[in-house]
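Take a look at the structures listed below.
Below are two complexes that have chain A in common, paired first with chain B and then with chain C.
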Partner chain A sequence: MDFSQTYFELFGLPQAYVLDRARLDAAYRELQTTVHPDRFAAQPGAEQRVAMQWATQVNEAYQTLKHPVNRGVYLLRLQGIDALAADNTKMSPAFLVQQMEWRESIEDARADKSVTALDALSGDLRAAHRRIEAQLAELIDTAHDFAAASEAVRQLRFMDKLIAEVGDVYEELES
Partner chain B sequence: MSYSDKVLDHYENPRNVGSFGKEDEDVGTGMVGAPACGDVMKLQIKVGKDGLIEDAKFKTYGCGSAIASSSLVTEWVKGKTLDQAMEIKNTAIAEELALPPVKIHCSILAEDAIKAAVADYKQKHSQE
Partner chain C sequence: MALLQIAEPGMSTAPHQHRLAVGIDLGTTNSLVSTVRSGLAVVLDDEAGHSLLPSVVRYHATGQVDVGYAAKSAQNSDPHNTIVSVKRFMGRGIADIKDIASLPYRFVDAPGMVQLRTAAGVKSPVEVSAEVLKALRQRAQAALDGELVGAVITVPAYFDDAQRQATKDAAQLAGLNVLRLLNEPTAAAIAYGLDNASEGVYAVYDLGGGTFDISILRLSKGVFEVLATNGDSALGGDDFDQRIFCWMLEQGRFEPLSAGDMRLLLTKARDAKEALTEHTEVRVTAVLSTGEMMDATLTQAAFNAMTAGLVNKTLAPTRKALRDAGLAADAVKGVVMVGGSTRMPCVRQAVADFFRQTPLTNLDPDKVVALGAAMQADVLAGNRAGDDWLLLDVIPLSLGLETMGGLTEKVIPRNTTIPTARAQEFTTFKDGQTAMSVHVLQGERELASDCRSLARFELRGIPPMVAGAARIRVTFQVDADGLLSVSAREQSSGVEASVQVKPSYGLGDEDITRMLKDAFTHAKDDMYARALNEQIVDAQGLIAATRAAMAEDGALLDAAESAAIEAGIGALERLLSSPDAGLDHHLTIKRGIEALNAASTEFAQRRMDRNVRRAMAGQKLETFG
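And then the complex of A and B:
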C-alpha cells in the first residue's frame, strides 16, 4: 500500500464528486479487513504500527469521501484550493440574506414550539441542500469551475449547520 | 470550551443587537459568513451628516465568540470615521476578548463585517 495515493485511488474510485456509494462501501469493507490491526497481532511492533496507520488512513478516507461537504473540500484540496479558509468570509449576499431568514425562522419555530413549522423548514433546507449538491457535482465534474465549486462547498457547509440546528430544536421540543 | 470573562460579558449582555433599515441612505450593511463553522453575521452602521458613525447594530447567529466579536465591534466603531473603522483589525478584537486560536476566525468575521458595511455605505453614496 502507498500513502501517497489519493483517497479515490485508495478505494479504486474515479476522482469525481458524483460517488457510487455502494462501490465505496464495498471497497471500504474489503480494505478494512486487509488492514485491520488484529491481523497483525502476531507481527513485530513496527509492522503493527504501520497496520495501525493504514487502518486510520482508510477510515479517514472513507469518512471524507462519504460526506458531501468533506468530499467537496477534499476534491478542491486536490486542486490546491482551501475551500473553507477562515479568511474567506465573502459569500453571495443573496445566500447570506437567505441564511439569516432561515435562522430567524428556526428561532420563531422554537419560540412557538411549532413542530409543523420545523417540518416545513426542514423540508426546505433539505431541498436546498440537494440542489447545492447537484450544482457542486456539475461544477466539479463537468464544468471544472473550481472557484464556483468552492463557494458551493461553503454553502453546503452552512446548510449542514442549519439542518443540525433544526435537529437540536426538534430534540428540545420533544424532551 | 472556556470563554474569557469579556466574551461572557458580551455574550450575556450583547450591545447593540438589532437592525436598521437596509435601504436607508445613511445606513451601511455588511453581511458575512464563516464557512469553517457556518456562522452568519450582519453588521450595520448609521453614518451622521458629519461623516462619523453615530450608531451601529448587529445580528449574529453563531457561537459566543462570534457574538462577542460583533458586539465589541459595534461599540468600537461608534464615533469613528469610515476610514478609522476600516482600520479595525481582527487581531485587536481577538486580543481584547482573549480569544483562543480556534476562535480567531470569529474576529476575522467581525473585521470583515465592518469592512463590508463601510463598503456598502460608500457604494450607496458613490452613485450620487
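And then the complex of A and C:
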C-alpha cells in the first residue's frame, strides 16, 4: 500500500474542496469491493492482513473526504496547516456573537418545548452550514487563502456542534 | 452418506471441497441454525421437524442439561434451574437488569457478569448460551453429516463490546469456530435484499424477544452499506409480557408469588400476547399453587394502551438512526420487519405510521436473520468467489477514553464503518509523570461514569518530562466483528502497552480455559487432536493458496523473492510430513504458517496494489466514458 498517496489520489479524484459526491461514493464502493477482507476469506493469512490494512485505510479515507469539516482539515494539512491546533483559535467576533445567539435560540426552544422553533432553527443552521462550505471551497480551491480557510473550518466545526445540540434537544422533546 | 458435489459454473474459484458452515441466530426467545445447500439458504430442523430451538436451558442436580423444548416444558415446575431469555444477561452486571425482582432466578452478583445459581452449580450466562449453541452445533453436524469449519453468529446491532465478547466466548465454549459476529438487521438485509434484488435505502426494524435494533442501509450493486444503526439492547417482547403480567397482578391481587407461579403467569402473559395478534380479545385464566385463581378478559385495545409506551420507545432510536444517516423518513424505500415481536399489530401500525408506508413482512420474521447469517457464512467459509455481495457495517456506539475530570473523549464516533483504526494523541498532566492510566469507554455520554467501562490498562516507563511534553499516541482498532483492541505508545521513547479489550465485565481467558476444561471432561487428547487437525488443515490450505498465487502472479516477484516464498512452503511441508513431535506439534506448525505468511506479505501487498489499480482504472473509464 502506498501511504504517500493522498486520499484524493486513492479515489482518483481531483485534490479540491468541491467534491463530486456520487463519484466518491462509487469509487469507495469499487475500492472496498476490491480490497475488503471478506473477498479474501478463502485466502491465506498474509492476504487477509493486507486486505484488513487496505479496508481500514479506505474507510478512513472515505470518512475524511465525505465529511465537510474533515475534508477541510485534511486539505489544509496537505498544505502543512493544522486548522484545529490548540494555538490556532482565531475567530471573527461577528461569528462568535452569531453563535451565541443560536445557542440561546436552542435553549429557548428547549424551554418552550417547541418543535416548530427547533425546525426553523435547524433550517437556519443548515443554511449557514452550506454558506460556510461554499466559502471554504472558494478559499481553498480558488483564493488559496489557507489562513482564512482555517477559520472557516473551525466555524464549520462549531456549526456541526450546534446541529448536534439541536439533535439532542429533538431527542429530549421526543422522549 | 455424503454425495459428491459439483460446483455451479463461477461459484467457486478454488478447486476445494465445499466447507460446511452455518449461520446461527442466537435469540432471546428462540434460536435457529441454517446453512446454504446447493446455493440456497435453508433452516436446519431437528429430528422432530422443529426449526426453532427455544433458548431455554434446564440444569439438573445430576449434571444432566436439557435444552430447547424439553427445558421449556419445565419452566413452571422448575423455575430456578430453568433459564429462559439468558441473552438479556450476556455481558451484564446485576445493576443493569431492571426487572430483577420479577425474575425467578437466584442471581449471584459476580465481579464480572451476573451469574445464576442452579442445581448444577453457579452458571455464567456465557455457559448457558454455550449450551444452546452446542445443541445447534450438534443439530447441524447431524443434518450435514460432517464437522463444521465455522459459524456466523448474529448479535443485536446495538450490542456493546462486552455483550459481543460474551457471545464470542459462548461460541468458543460450544466448540464453534466463529467466522464472524454479524449484526442481526444486517443479516436480515442480506436475506431480504438478495431475495428481492433491492436497490436503494432500506430500514430494518428488528424487535426480538429482548432487544430492539433499527438499521438504515443503502443497497447498491451488491454492496450493503449500513449508514446508521441504533436501538435498545434491553427492550423486546419480554417487556410486553411484563406489562400483561403487571395487569394480571392488578386483576388477581395475589399473595406474594412463588417462583413457579411467577413463571406460570409470565408464560400465560406470553400466550395472551400471542393470541392478541389474531384476536381482538383473549380470556386469561390461571390457577396458582396457592389455589388462588384468575379469570379475566384482555382486549387488544387495553393491551395496546398498556404497551403504547414500549412501542414509542422504539421510535426514538429510529429517529436517531435516521438523523445520523442524514435522511428523512420518506427517503426510505422499504422497511423490513424482523423478529417475532413485529407480529404484534400495534407494532406494525406504529411503524407504518412513522414511515408512512406498509412495512415488508413477506419473509418469516423468525427465520430471516438465520438465513442471512448462513449466506454470509457460505462466503466467509470460502465456498463462493465472494464477488456476489459485500457488507459494510458500522459500530453502534462511540468508543473513547476517560480524560482529566472524568470526561469522555470520543476516539471513534458511532456509526463509523468497520474495520477501522484511529489514533489520538494525549499528554501528561504532571511534571515527571512516568505512567498513564488508559480507561477505555463505550457510549455517547459526556461523563465517563455514564459510559460503559470496557477496559483499563497502564502505560508505564514514560521518561520523566515536564507536564504536557510527552506525546502518547493511543490507537483504537475495531475488527470486522466490531471488537476493539487498544494500544498506547509514548512517541519519543517508544514505550508501548496494549490490550485486547476483554471487558472489565466479562470473562478472562482463564475463565474460558476453566470452562473448556469442565466441558471436555475426558479432554486433553481430544483438544490436542483437534488443535493439531486445525493447524494441519490451515497449513495445507495456505500451501495450496500460496502455490496458486505464485502460478498466477509469479511475475510480480524477482527470483530471490520467489525463492524465499518457495523456501517457506518447503519448510512448512517438511513440518507436515515430519512425525508428530509431541504435544506442542500444533504450535510448531502454527509457527511455520506464520513464517510463510510473513514471507509472502510483500507478495500479497503487490497483488493487492495491482488489483486496486485495475479496479480504479475501470472506475475512471466508467466515470468518463
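Everything that follows uses one rule, which is that the second predicted complex is superposed on the first by the 174 of 175 C-alpha atoms of A that agree within 3 Å, B and C clash if a C-alpha of one lies under 4 Å from a C-alpha of the other, contacts with A are read in each partner's own complex, and residues count from 1 in each chain.
The rule is simple: contacts are C-beta pairs under 8 Å (C-beta built on N, C-alpha and C of every residue); 3 or more make two chains touch, one makes a residue touch a chain.
None of these values were measured; they are calculated from a predicted model.
J.: Please work out whether A:A83 is in contact with chain B alone, chain C alone, both, or neither, and reply first, second, both or neither.
T.: first
J.: Please name the chain, chain B or chain C, that touches the greater number of residues in chain A.
T.: Tallying touched residues of chain A, the top partner is C.
J.: With both complexes superposed on chain A, which partner does A:F158 reach: first (chain B), second (chain C), both or neither?
T.: In the superposed model, A:F158 contacts chain B only, not chain C.
J.: Does chain B (first) or chain C (second) touch A:P93, or do both, or does neither?
T.: The first partner, chain B, only.
J.: In the superposed arrangement, which partner chain does A:M52 touch: chain B (first), chain C (second), both, or neither?
T.: second
J.: What is the contact status of A:A27 with respect to chain B (first) and chain C (second): first, second, both, or neither?
T.: The second partner, chain C, only.
J.: Touching chain B in one complex and chain C in the other: list those residues of chain A.
T.: Common to the two interfaces on chain A: nothing.
J.: For chain A, which residues are in contact with chain C within the complex?
T.: 1-2, 11-12, 23, 26-27, 29-47, 49-52, 54-56, 59-60, 62-63, 167, 170-171, 174-175
J.: Can you list the residues on chain B that touch chain A in the complex?
T.: Checking each residue of chain B against chain A gives 31-40, 42, 59, 61, 104-105, 108-109, 112-113, 116.
J.: In the complex, go through chain A and note every residue touching chain B.
T.: Touching chain B from chain A are residues 83-91, 93, 95-97, 99-100, 103, 153-154, 157-158, 160-162.
J.: What residues on chain C touch chain A, complex-wise?
T.: Listed in rising order, the residues of chain C that touch chain A are 13-14, 16, 179, 220-223, 225, 315-316, 319-320, 323, 379-382, 386-387, 390-392, 416-422, 477, 479-480, 541-542, 545-546, 549, 593-594, 596-598, 600-601, 603-605, 607-609, 611-612, 614-616, 618-620, 622-623.
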